[in-house]
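Two complexes are shown next, each including chain A; its partner changes from chain B in the first to chain C in the second.
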Partner chain A sequence: MLMEVRGVSLRFGGVVALDDVSFDIAKGEIRAIIGPNGAGKSSMLNVINGFYRPQQGDIWYRGQKRESGKPHKIAGEGIARTFQNIALFEGMSALDNIMCGRLTLVRSGFWKQLLWWGPAEREEFEHRERVEHIIDFLEIQAIRKTPVGQLPYGLQKRVELGRALASEPTLLLLDEPMAGMNNEEKEDMCRFVLDVNEELGTTIVLIEHDMGVVMDIADRVVVMDHGQLIADGIPAEIMHNQDVIDAYLGVAH
Partner chain B sequence: MVRTDKPIDSASSVPDLQLEADEQTIPHLLARNARIHSERIAYREKEFGIWQSWSWNDVAEEVEALALGLINLGLEEGDHVAIAGRNRPHLYWAFVAVQSAGGIPVPIYQDAVGDEIAYVLRHCEASYLIAGDQEQVDKVLEQLGDRSTLKQLIYLDPRGMRRYDPGRLHAFKDIQEAGREGRHQLAGELAKRRGKVNGNTACVMLYTSGTTGFPKGVVLTHHNIITASRASCEFDSLTHRESVLAYLPMAWVGDFIFSIGQGYWAGFCVNCPESAETMMTDLREIGPTYFFAPPRIFEAMLTSVMIRMEDAGRFKRRMFDYFMDHARKFGVALLTRHQVTIWNRLKYMVGEFLVYGPLRNILGLSRIRVGYTAGEAIGPDIFDFYRSLGINLKQLYGQTEASVFITQQPDGQVDAETVGVPSPGVEVRIDDSGEVLYRSEGAFLEYYRNPDATSSTKGADGWVSTGDAGYFDERTGHLKIIDRAKDVGKTASGALFAPKYVENKLKFHADILEVVLFGNKREYCTAIVNIDLEAVSNWAERNGITYGSYQELAGHPGVCTRIRGFIEKTNAELASDPALGGCQIRKFLVLHKELDADDGELTRTRKVRRRIVEDKYHDLVSALYASHESITTTTEVTYEDGRKGSISATIPIHDVKILPATQGAGAKAA
Partner chain C sequence: MQQLLYAAEVSLNGLTTGVLYSLVALGYVLIFKSSGVFNYSQGVMVLFAALTLVGLQRGQVPFAHLWTAMFGTHTYFFGWTLAPAIAVILTLGIMVLLAILVERLILKHLVNQHPIILFMATIGLAYFIEGFGDLLWGSEVKKLDIGLPVGISETVEAWTAEWFGYGFFIDRLDLFAGLVAAVLVGLLTLLLRYSQLGRTLRAVADDHQAALSVGISLRLVWVFVWSAAGFVALVAGIMWGAKSGVQFSLSLIALKALPVLMLGGFTSIRGAIVGGLIIGVGEKLFDFLAGPIIGGATENWFAYVLALAFLMFRPQGLFGEKIIERV
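The block that comes next holds the complex of A and B.
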């Protein structure tokens, strides 16, 4: 197991966002988290990447219990994410945005960077080369120098995925990567998610509303509703689970 | 007009057609180039944001490794090897490796749909496929399944190939590696096979899409390719210092001649773009000295310039208009070294500094020494636009069967309306029916497995029919092509009907992408028009017109009014032409979908297939000859992945004013 979530509860004042949630993430799988709006999916993602600290429960990552929850430290441990609402630097080019993803991997310190020649220069070349491989991988060569604010939505999403990949994550968290896309963009994005998973061996956790997408690409699915985990299994089981159907159709509680 | 049965030879003397022993075949030329050009750059490709390069020595090694690998894989002499993918150095090497190992390369259009590919693969019984990426492999496997003659598939880009059967699929790199490892055992066999390849061996087989019927496999020998390349290199004094951008389909004869034939003869550098979408950026970075593009590319470049100028500030726009006007008056004269007053020269120099130079730079045409356009007639205004900027753009006339070159324009003798004088070593004549015939060393060997078509095209005396109607212009002695011989006809009243001539006039307007003219044996002429989405949507945006789809935009009354304006202008021009007054358009409609190669309406080189369009839209055409005001129709469309769908629309029919012709519509027929 790459990660285990054990009995996590998260409260904002009186609001219970997560209520005793436990599940695990196996190395190399695509794990989907689904559920109606307000079910606690994004909160779960924020707990996994350390942005929120749960009041109860533990996160075990690579066999170790996580102690502190500083996001930059967790990013350094190989966890990267994309956001539900695109969070790119709009005035910067696609290339520069993706280069930002290398930030946690930069070794040269302030003075070396200031001097630029020598180690810092060599290091930047290395980073640029890795970034160019990602650009090639995501087939966005043509927009390399375009400011991302000018790009259509589907391409912005792809740049954001590129930035997450730039940090060479072991675990990649995708918050609704296909939301608001048309069918063709969705198909492309699915292709990329599968390619990332299979060719780079990255473990992926994704939140997604499009059931077709989830059933097609996820290995296992966690279903949440009102902060609770209501089902956990392979897509075929989840599809026929009565609790899941009720949660989506809105049965009175 | 001159009609002559006496062949007209090329302007220059007929060159010596003997080739040196070490220049007989493409593999010979590779060995020669590795010897004399050794460390000069032969190929560049932009990958990972950087231009990667290979010297002639590197290329010789890569090609040899691949050839050895192919022999190791079981390639036999005479095997056909299909090559499909975008322009990449590796695929160009594959051509030469296959030739060295005794095989015959057969390039396939990378955007061809499944059944077109299946037809070609079955027809030539290809036993190997070298594909650029997963997309190409998928397309072939889907079509052929296990029933094909294909023994092995080789792919270049490993992306997405992990789930395929490794028994039949191999990575390009692995094949080369196996070749390198087995060099000891295999080198003798390769040398033996390479020794057997001579000038009369098939060099390449190219399928011509043709505007009608099934594609035909044109077999060109090494002798064809090399003599044609040598003559054309000498014609324009091309040397190893040239630099070209290889971006046109590899299955097209033009690309084969420019990127392999001339490239190997002259030893110049071939640059491959990073991807199809980055072509314009890559063009600017490379700045080729020798450039070839079909009129469509030049049109698209001009359209994008015009659109950007319309969005520019008022000062820039006025400066652009002012100096472009000046260039139109004097630019061509300056290029051809005609007399221009000092004052106008100075003004042109200022324009050069402010407009022409920067514009050429933006277009990536700053270093062009020789530029060619061919494939279709180019609008005179488009042609003069580039020439007035000081770009030495010329026209040539050719076809696959001729290894491209039939006629070309010498420097300084350029005209938008003609296609030049016979290329060195080519004889051209016009037969009684007005059809153009030629005889040359470059003329093809045969159509593969189609002796009937071969004998009806290429006579026993070596004269090849082009299927084009044309004549030699009296004033300049240059060949002028009117149209496809079978398309030229007469209207019911006996006036000359030359559809392409009229269509080309209309297509110069940026808003019009394609036009198909009807009128042969009919009472009057009508047209089906395709709007240019980029140009028209830009116009719509500036005028606050909203639309939801291509179809809606095409049916917008404002768009139709604009198109009618263009047609009226063209009618006025035609009315003043003594021969073509009868071609004026009386009715037209704007088509609700773009003509598309996937629907069979265009060839893969994007020429309109007139008969297919007429057939497919017969209801629209008959409505144009009835008194309807609109017509409702349903059309089948094919999506890029091969799925089919249909769209229906109600299309209004518009009337256009016709002017009386200045002279009687005299039958100056071809």
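The block that comes next holds the complex of A and C.
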């Protein structure tokens, strides 16, 4: 198991966002988290990448219990993410945004960068080359110099995915990567997610509302409702799980 | 003709004053560009850096007045003097220490707060540093002398006299300040634009959460940025101090950096330089031309009015980033 979430509870004042949630993430799989609005999916992702610290429960990553919960350290351990409402660096070009994704891999220290010539310069070129691969892969060559604030929504999502990929993550967290996209854009995004998973072997956790997408690409699915985990299994099982159907479609009480 | 050459000389002197404004403005830009905070205390940091440099160099006893009042020590000097280079390095160390303290005691507690809150915090900080500097080194006007070139440059005078038949009076110190500013700006621009370090800083200014998610430590970045601003403050403090003595009016002169920033744009290093030069030349030239007619002392307000007029046409400044929101 790459990651285990054990008995995680998260409260904001009186609001219980996560209630004793446990599940695991196997290496190399695509793990979907689904559930109605307000089910706690994004909170779960925020716990995994360290933005939130659960009051109870532990996160085990690569067989070790997580001790400190600093988000920038967790990013350094190979966990990258995208955001539900896109969090790009608006003032920068697409290229610079993706280059930022490589920050955790930068080896030249402060003084070397100040000097620039020599190691820092060579390293910059190395990073640039890797980033150009990502740009090719995501088919965004044409917009690499465009300030991201000016890009349409779908492309912004793609740049954000690029930034997350740039860190060559072990675990990639995608918070509604296809929200607000038309069918064509969704298909592209699905293809990218599958390619990343297959070619790079990246483990992916994604939150998604489009059930069709989830059933197509996910290996296993976690279903949440009101902060609780109500089902966990392969898509075929989940589709026929009565609890899930009730929670998702709403049931007459 | 004579009049024209005289105007040219006035402009030239304006340029050199402008360079000094730019140096102060640069500190504001650094912090604003890379952490989104408008640091009101930058001007006082210039003063504090200069005070500390002079104090260390002359071997002043820190808190001498306080000790005297409490214990009647009456010792104001240790009786040694430090080499300028050593004093500069020590001062730089103290500016870094100040940066660390600012992060620990103030910024850390204000992550994700609205910019106006951070702005208010820096106003408080400004007056604290001003009072603290006073307490630490005493409030009398001090002479700053670390062996920089001073006096009128005879080379320039002789050269211009030969060419135009009119010798320009340019202070050597001003020429030196121009050189220092050029080097500093060149380095900062390159660093911010082309290195991963620069990207890190811009990332933090743009979005705290996204910055964290790509592995940036906000605290480290803030310490770095404030240290860099402290360094720029020290450079500006040396230049201003050598020119007009180290005194508390320095922190007021530093406020001239505000119209410079409005003109040049708050996020642009280029803007700080060009804005400084425009304001420097503009106010000198305006005073020269219109001063006799409307009764002098236009230098106090001209810069602000110019910036105000400019805002009407280009609110983001000459080189500032125009934020276009997609709706």
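Basically, the second predicted complex is superposed on the first by the 251 of 253 C-alpha atoms of A that agree within 3 Å, B and C clash if a C-alpha of one lies under 4 Å from a C-alpha of the other, contacts with A are read in each partner's own complex, and residues count from 1 in each chain.
Everything below uses one rule, namely that a residue touches a chain if its C-beta (ideal position, glycine included) is under 8 Å from a C-beta of that chain, and two chains touch if they have at least 3 such contacts.
Everything quoted here is computed from the prediction, not taken from an experiment.
Placing chain B and chain C on a common chain A by superposition gives a fit, with no clash between them.
Contact with neither chain B nor chain C is seen for A:Pro235 once the two complexes are overlaid on the shared chain. Looking at the shared chain after the overlay, A:His127 reaches chain C, while chain B stays out of its contact range. Touch criterion met: A:Phe51 reaches chain C, while chain B stays clear of it. Of the two partner chains placed around the shared chain by superposition, chain C is the only one that A:Ala75 touches, whereas chain B remains out of contact.
In the superposed pair of complexes, A:Arg144 makes contact with chain B only, with no contact to chain C.
Judged by the touch definition given at the top, the superposed model places A:Glu199 against chain B, while chain C stays out of reach. Seen from the CA centre of chain A, chain B and chain C lie at an angle of 90° in the overlaid model, rounded to the nearest 10.
The partner that reaches more residues of chain A, of the two candidates chain B and chain C, is C. Remark: least CA distance from chain B to chain C after fitting both complexes onto chain A is 15 Å. Contact residues on chain B toward chain A in their complex (touch as defined above): 47-50, 159-160, 162, 274-275, 277-278, 281. On the side of chain A, the complex with chain B involves touching residues 128-129, 132-133, 135-137, 139, 141-142, 144, 191, 195, 198-199. By the touch criterion given at the top, residues 190-191, 194-197, 199-200, 202-203, 205-207, 209-218, 224, 267, 321, 323-326 of chain C touch chain A in their complex. Chain A contributes residues 49, 51, 70-73, 75-76, 80-81, 83, 87-92, 96, 99-104, 106, 108, 110, 113-114, 116, 120, 124, 127, 149-150, 163, 167 to its touches with chain C in the complex.
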